[in-house]
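Before anything else, here's the structure in question.
Chain IDs A, B, C, D and E follow the sequence of writing; residue 1 opens each chain.
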Amino acid sequence: MSILQYFAKRIGLYLVVLFIGITVTFFLPRLMPTNPIDGYIGQLQSRAGQTLTQEATAELRSSLEELYGLKGDILTQYFNYLKRVFLQFDFGPSFNSYPQPVSTMIFGALPWTLGLLLTTTLLSWLLGNLIGLVAGYFHNKRSATVLEVIGILLYPIPYYILALTVILVLAYFIPIFPLAPTFPNSGFSFEQVGGILYNSALPAITLVLAGFGWNILSMKSLAYTTKEEPYVIYARLKGTSNWTRMTRYVFRNAMLPQVTALVLSLGTVFNGALLTEILFSYPGIGLLMRTAASSGDYNLLYGAITMSIIAVATAGLVIDLIYPLFDPRIRYR
Amino acid sequence: MPKTFRLTRLLVLVLTVMSLLLSACGDQSTPSTQGIGQGAATAQPGQTTAAQAAQTAATSTGQGTMTDVGTPRSETLIVQTFDGKAANPDQQNPLNAYAIWRGFRELGWSFLWEDDTATGKSYPELAAGLPEVLNPQNTQFKVKLRPGVYWSDGVEFTADDVIYTLDIAFQNKTKFTRVAAYTSYIKSYKKIDNYTVEFETINPSYDFATAMGVYTWGAAFIPVPKHVFEKQADVTTFKNTNPVTLGPYTVKSFDPNGFWQLWELRSDWQRSGWGNLGQPKAKYVLYKDFGSEETRTLAFSKNQYDIDTFMSPDSIQAAQAKNPAITTFSPTLPYHDMNDACSYGVYLNQQKAPLDKPEVRWALALTLNLQQVGITSVNGQFKSSAVPIADTPITRSIYVDPVTTWLKDFKLADGYQPFNANFGTELAAKLKEQGVADAALPKGDAISQSFGTGWWKNDPAQAEKLLNSVGIKKGSDGFYATPDGKTWDLEFVIPGDWNKVMQRIGFSIADSWKKAGFKVNARQVDNGEFTTVQNTNNKFTTMMNWSGSCVYNSNFLNSWRTMNPSNVKDVNSSEALTGNFFRVTNTKIFDLIKASTSMETTSQPFITNGQEIMKELIKDMSVINIMNIPTTIPTNSFYWKNYSKQDNFYAAPYSWWSSFKKTLVNIQPTGQK
Amino acid sequence: MRIMKLNLKPGRDLSTGPTPRVVAPKSTRSKINFRLKLGIIILAIFVLGSFILPFFCPKDPSEQASYLKNLPITDKHWLGTNSLGQDTFWFLIFAIRNSLQLGILVSVGVTIIATLLGLSAGFIGGWYERVVMLVVDSFITIPLLPILIILGAVVRGNTTFFSVGLIIVIFGWAWSARTIRSMALTLREREFVNMARFSGASTFNVILKEIFPYVSSYIVVGFINTILFAINTEATLAVIGLSKVETPTLGSIIFWALNYNALFTGQLLWLIAPIVSSVLLFLGLFLASTGFNERFATIRGVA
Amino acid sequence: MIRLNNVVASYKTERGTVNAVDGVNLEIPDGCILGIAGESGCGKSTLMKVIYGDIGFPLSLASGSVDYGFTDDQGNKVTSKNIQKQWFKRISYVPQSSMSSLNPVIRIRKQFLDFESSSKTKAQTLQEVKSYVKKLGLPEESIESFPHQLSGGMRQRIMIAMATFFQPEIILADEPTTALDVVVQKSILLLLMELQEQMGNTIILVSHDMGVHYQATHKMLIMYAAKAVEYADSPDLFTRPLHPYTRMLINSLPTIGDDRAREGIPGRPPSLWNKLEGCRFADRCPLATERCRTEEPAFIEHRPGHFAACHYADSQANLSEVV
Amino acid sequence: MATILKTENLNKVYRLGSLTRSKHIQALNNVNLNIESDVPVIISVVGESGSGKTTLAKTLLRLVEPSSGKVTVYDQLVAGKGVHPPKTQFLATVQPIFQNPFEAFSRYRTVDSYLYETATRVAGLSKTDAIASMENALTSVGLEYKDVQGKYSNQFSGGELQRVSIARALIPHPSLIVADEPVSMIDASRRMIIINLFLKLKEDFKRSFLYITHDLATAYYISDYIAVMNKGVVVEFGNAKEVMSNPQHSYTRLLLDSIPTTKQKWARTKPIITANLTA
């Protein structure tokens, strides 16, 4: 099988997986008991202004159905949807922010989510793995056990608790970071980047703390088993230093499954975005998703979830394609 | 011998050090949980904290504290947003769905007539006076505009703007999403001169000033600047970002993510739409979302903002403990503002068996232990109302008192008297028992002012009797079963986190029903689903709601006009109702409503009709009205003072009503830098 | 990120990399036993406590206004009462029981589906495996939390919070299935499988008698991890109000405590009790899982 | 001369302590290839560990010592306590499986340079490695490869190159050819033999294949159930073994062209956890008598340089030549 | 004369794919063997790793499907491209003995359960007959049923386990027993016990064996026929004694030359190390 064939096959699989995922998520929100049009009318009626007459309501309802593209049966909507998504990457207009196209909203929110979660995922991966490496390599030393205990204790703390604690400590008792973020409104000057970093610090810290417990534990057990591999033992018998063995032998090998884990977790950043962004009022895809779900904004939901599916599937694809860079055995076999 | 320097080693070293630092942070988090406890338990006097916070923030600039958006804090009024994050912050065209909760109604737009929220009466704003009725059918009106009003770009506001707005609204009524209210109300309109417009409505209209102007919180008709809109290729997709405004403020900047928006006072505010009200005191107004209630409590107590919206009583208490500058609407119970136009109640699907029997609905009312519900969910900080409207200073004399008098003698079919006029006194006694300070409790006549004129008795035995009379008996599991012997699962929809007070009240009601033997399934929903349930017969059984009882002055029609036969759908219908959320089927009520549409809304016959409708609603127990909406609206007087309070009431104190303009001209800076 | 992490937890797929040898040296056995023991002791206390104590509970702990609000610790109320007038201790006991029940039920469901599909796919191979793996891969891409939030609207309408569990099962089995399948794949090539074949065993027999015992240890570990995952997912949903919050669970206590702002009103026990319990419970599950895993590894190393 | 003084090495296990090497006394002259043979579990690998000084939990040196007959840079006598500092400088090791003993993800060149070389720069050392590898008949590029890119024979040569690069006094080779095919095995053994001839160092070669021992060794040690049972010059041992076990080992090997029936040794060695009395081979020995079951035979020199632990080492049945 | 084993144009091509290269490996290259005999025979297949000898065994055992060609055992077509003999008939014709006896039994099952299942399922015996046949089979390999019953694989030595394995293979009275490296994992001192057992079973039970090995000495010791394989090709085939004493093919000679015997030392001709090391 040539390299091209392999790529073609893998990408074909990728598309099929995408298709199935997107199909499932298209039909799921239909289970939602919320009619987005009712939602909008209700908002107008009872909170935002004037009580509407019946005629006005009926008129509004029919024009909204037209505008939102909710006319026709579900299959017609489905095929139109597939066509638009796969051919144009167009999710239609947002119901709640009509006539704003969903893709615009998603691409507006995307840099925020990616910026925060990619950074923190990488950071917690790095920190966790380094601590885990030390803990696993010196597993019979007391200090290493302390490092592992950090992981064991951090790992099971539910995320929302962690977040709340961090807010209290770093924004209230020691007011280093703002309680509620105020992100600068536009542009990309040095100052504004600084503002963004400053305002994102709290969610970032919680994400790193939440993530690296797992990384410590998994790296620790990997390092610990790798340490017993014959080539590490042989390296010891060669008289190499602890440092060399830990980095060049244990880490280089134990890292391989962790790379897989990293890429996969990068793919699931949207999943992680959700809770963080709700808890920290952080303007990303997660908050978008939550708002969309609560107001029955199908199009926005489809868009956000589809992005997530694409990310996970792509991460899987990327692992398969880049893994050989890390493992020479696959490169040359 | 020195080894070749290794970059990788350095990297690893640096990262290890960082990780150790971070893990130290992680360690801190555990004991800190206890730290909170100390802080809250000992309730450190808030001033020190506040002062410290102010100092910390002040260090960055020389003379005074600056806000996050770069304005002097002492000149900026900061308001918690009503809706959290705006989904479409750059959409600022009022003819379409737009970022409505960012101050546009209050600061940016201007309306033909405003509503004096202290009295419930309309007064002219853009118009020169109240509309002049031109025919006996009350369908033709002449409206004079006030000369000398200018848009924020210096162009004068004239009848042309009104006509143009109506023109594009009618031309694009299927495309604009916020014009239906008046395009289906107005039949025709014409310009008489630059300051005069004449209207004809489709139906007799006794509420023209509130239909085309403000009724309680905002107007549907928002004039747009002709000279701006007519330049647009397509007005239906025009976003109108950073709009030309009629009000005294303009948008200075806003967060594209929708968390905040900053307004700046026009230098020519005097010739703005409501410049005649007086000088708005804040040079800047910042609407900002401070996040969840936890972070809001913290930020509020650190003087990071001035006015909150709905906040749960406990959070207010916690914030007050940290910062005495935070005050509620009144110094005594129930502390909060109770003068919202609407009231909370349990809505029942009267078409759905077994709720179609009045005995069953009465049983639910008599088993709703409001005393317990009110104490558990809102610490007793509420004002009950048995009459299905809010019991406010405006409505009390018109409707509440007469109906209450009638209630005292009211009997059910079996002769049982359900009304308990001593509800308030009993509540005060219970609260005292629970340890509420005597000073905070109302006494004598104030009890009725604070806790309402009375409510239904809590009498599960009578309820059981009523239920038994229609064949509903308790099963072996202790829960009521329908006459066919099946367990009766009662679905009860309540709002989720987006309305915490109703959410809590709802769960407490479900609890008190459960104790009485109803198998209640309390279901908290998002606001989208909430409205869907409210509107759709087949999805609705019982729910907490407020939208059907909004009466701010004598004009009950504004809510109740929709109580008519066309809003009675089949019990299993999935078609959306356009009103009548009480599911009234009583033809007597329909007749009364119909008759009232051709009456002057302040006339005695109209008011009598209203009282009769209320009595009918009570007899049928069509809706279990519970209490006025306790609008907590706490304020922080660290930077600004003279907010509208119980003892200094000049307008409804809400920041999300157009009456907020009165707050802006009445507040005073404290001089705190 | 925590949620993702737990998503992966029941069956984090490391099959793409070289399988690390899990042969623990003899030296660590005592430590492993300690872990496993500690984990099992913690779990036993939780399980027994939460399943037996409710029989002694004076009244339904979720009933409001049973007692005066906000009472401190007394001999009658071991953890005081909360702002809803409920006894915090009894509420917690019921919460642990319900959370554990949910976790175990979800775990049973996930384990059964994942084992059946994973083993059969790994062993039978061919087009069957391809179809199963396609479904698995597709399910893996579907993000759980958003789906739960969408379905939350449906879930909250149900009278039982176990429907949350059902959804977690439906969207949570894929990772485990994938791991089990990759294990079955390596086992497929083992000689004893061929030996069984030549002893006349059918495919079903081979899966049941040859492959299953080897995967069973992993299944136990996966089972424990899935409990952890299910409890945490439900708790996460409860905290943002998307589960059945009247049912006492570890998450619903936190929901109520946050809802009544326990942090700032001095009602700290209300918040700390469930946190400490869940951290302890999670620790117990975690220690049991890793302890068992390593214990199993030593057994395998010896054989 | 390496001297083993009554070496007892034991493992701590859950079932208790077990002596895997139980009282071995040996003098290994410098500059020879010593073969160690025996069944699996006889203690030959443990003895290798002891000689190498790789003693750590769960293995411990219960009593005895190893004396290597040379001193370190400070002039201290080198024993099993401080031999670790000499690893790969003066004593080195060739493992059994070259595949699992090489780090799969880094190039061989880097694994070569793991040595703590204090006096030379990396580039210099690399040059030397290259030329050395070339001398051993390997292409220079082979050290630029990853382990899996080389054939088994090449990898084993690399292992030998690593172990001999510093020309250590002692080289331990634990089953160095077990995983290899016969043709390659031959070339590896020849390489080892030739290196030994040129460097004049001591090689200790563990193998269970008597054929390998016959081809490569100068002296032979036979172990059985943690004990040394026979020690002699190879030619002597292969033609006139003194221990019945040795004889049976040699006899169990079929030879091409020899059609006589061959027998394996039935039975199993005794479990080391049991209390052992008498000769440990007694249960499987055709010559065993009651004396063998009760009295432990001493490991004594029966002929010059030929030690054996058997009561009947000098008996008639044992004196015939091996066929 | 019965056709004991016949392979016709047997080919097997493996495709080894990796990212950057892919190669085809011809594991079997037109293997044509035809052994006809009236008496049972032992056929050895020798060669180095990668010579295709194990692929040949796997093809016979239907563990690998050949790319082309077919295999006949005692006039039964057992394997080939698209060949699907009835399962029971096939299992009663060919039975395997695997390389690693510890791997051949699941450690979660008693070893006798494999024997019992073979007796009931493959040989189709009733319960009592099955136990009788197990006893017979075990006796013939020098073990007793009571010593095996209810025990797990870790309670045996490799040699014992391999004998259990052989006993199991004997139960359905297969025409041919395929033994893939059956002694390579067994201690050298006890290999001959297994090897001698094959000889005995051939004589007493009239079973034929296909003995796959890299050990030429044992192959010489027991085989009637021998096939030398190199890179998928049978380079030499014939009577074992003839082939070994008078090898025709250079590869066979090379193999023979490399055996470390205890009788004659290798000739040390040309030096392997190019230059003087001590320099």
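The working rule: contacts are C-beta pairs under 8 Å (C-beta built on N, C-alpha and C of every residue); 3 or more make two chains touch, one makes a residue touch a chain.
Bear in mind the structure is a predicted one, so any value in this text is a computation, not a measurement.
Visitor: Farthest chain from chain D, comparing Cα centres?
Guide: Relative to chain D, the chain with the farthest C-alpha centre is B.
Visitor: By number of C-beta pairs in contact, which chain pair leads?
Guide: Greatest number of C-beta pairs in contact occurs for A-B.
Visitor: Can you work out the whole-Å distance between the CA centroids of chain C and chain E?
Guide: 48
Visitor: Centre to centre, by mean C-alpha position, how many angstrom separate chain B and chain C?
Guide: 42
Visitor: When the C-alpha atoms of chain A and chain C are each averaged to a single point, how far apart are the two points in Å?
Guide: Between these chains, centre-to-centre, one finds 22 Å.
Visitor: Taking the mean of the C-alpha atoms as each chain's centre, how many Å separate chain C from chain D?
Guide: 51
Visitor: Scan chain C for residues touching two or more other chains and write them down.
Guide: In chain C, 18, 25, 27, 153, 157, 240, 263, 275 touch at least two other chains.
Visitor: Would you mind listing the residues of chain D that make contact with two or more other chains?
Guide: 104
Visitor: Where in chain A do residues touch two or more other chains at once?
Guide: Within chain A, residues 32-34, 153, 162, 164, 168, 229, 253, 256, 293, 327, 329, 332-333 contact more than one other chain.
Visitor: Can you list the residues on chain C that touch chain E in the complex?
Guide: Counting only chain C, the residues touching chain E are 190-192, 194-196, 198-201, 209-210, 213-214, 303.
Visitor: List the residues on chain B that touch chain C in their complex, please.
Guide: Where chain B meets chain C, its residues are 33-34, 36-37, 40-41, 43, 293-294, 297, 312, 314-315, 317-319, 321, 372, 375-376, 434, 489, 491, 496-497, 500, 503-504, 507-508, 510-512, 514-515, 521-526, 529.
Visitor: Quick one: in the complex, what on chain B touches chain A?
Guide: It is residues 8, 12, 15-16, 18-19, 22-23, 25-30, 32-33, 35-36, 39, 53, 56, 68-69, 84-85, 87-88, 91, 96-97, 100, 173-175, 177-178, 180-181, 183-185, 211, 215, 217-220, 236-237, 253-260, 288-292, 294-296, 298-299, 302, 304, 496, 498, 525-536, 539, 546-547, 550, 558-559, 561-562, 566-567, 576, 578-579 of chain B that touch chain A.
Visitor: Hey, which residues of chain A end up touching chain D in the complex?
Guide: So the residues of chain A in touch with chain D come to 229-235, 237-241, 244, 248-249, 252-253, 256, 326-329, 332-333.
Visitor: Within their complex, state which residues of chain C touch chain A.
Guide: Listed in rising order, the residues of chain C that touch chain A are 1-5, 7-9, 12-14, 16-18, 20-25, 27-28, 134-135, 137-138, 140-147, 149-154, 157, 228, 232, 235-236, 239-240, 254, 263, 275, 278-279, 282-283, 286-287, 290.
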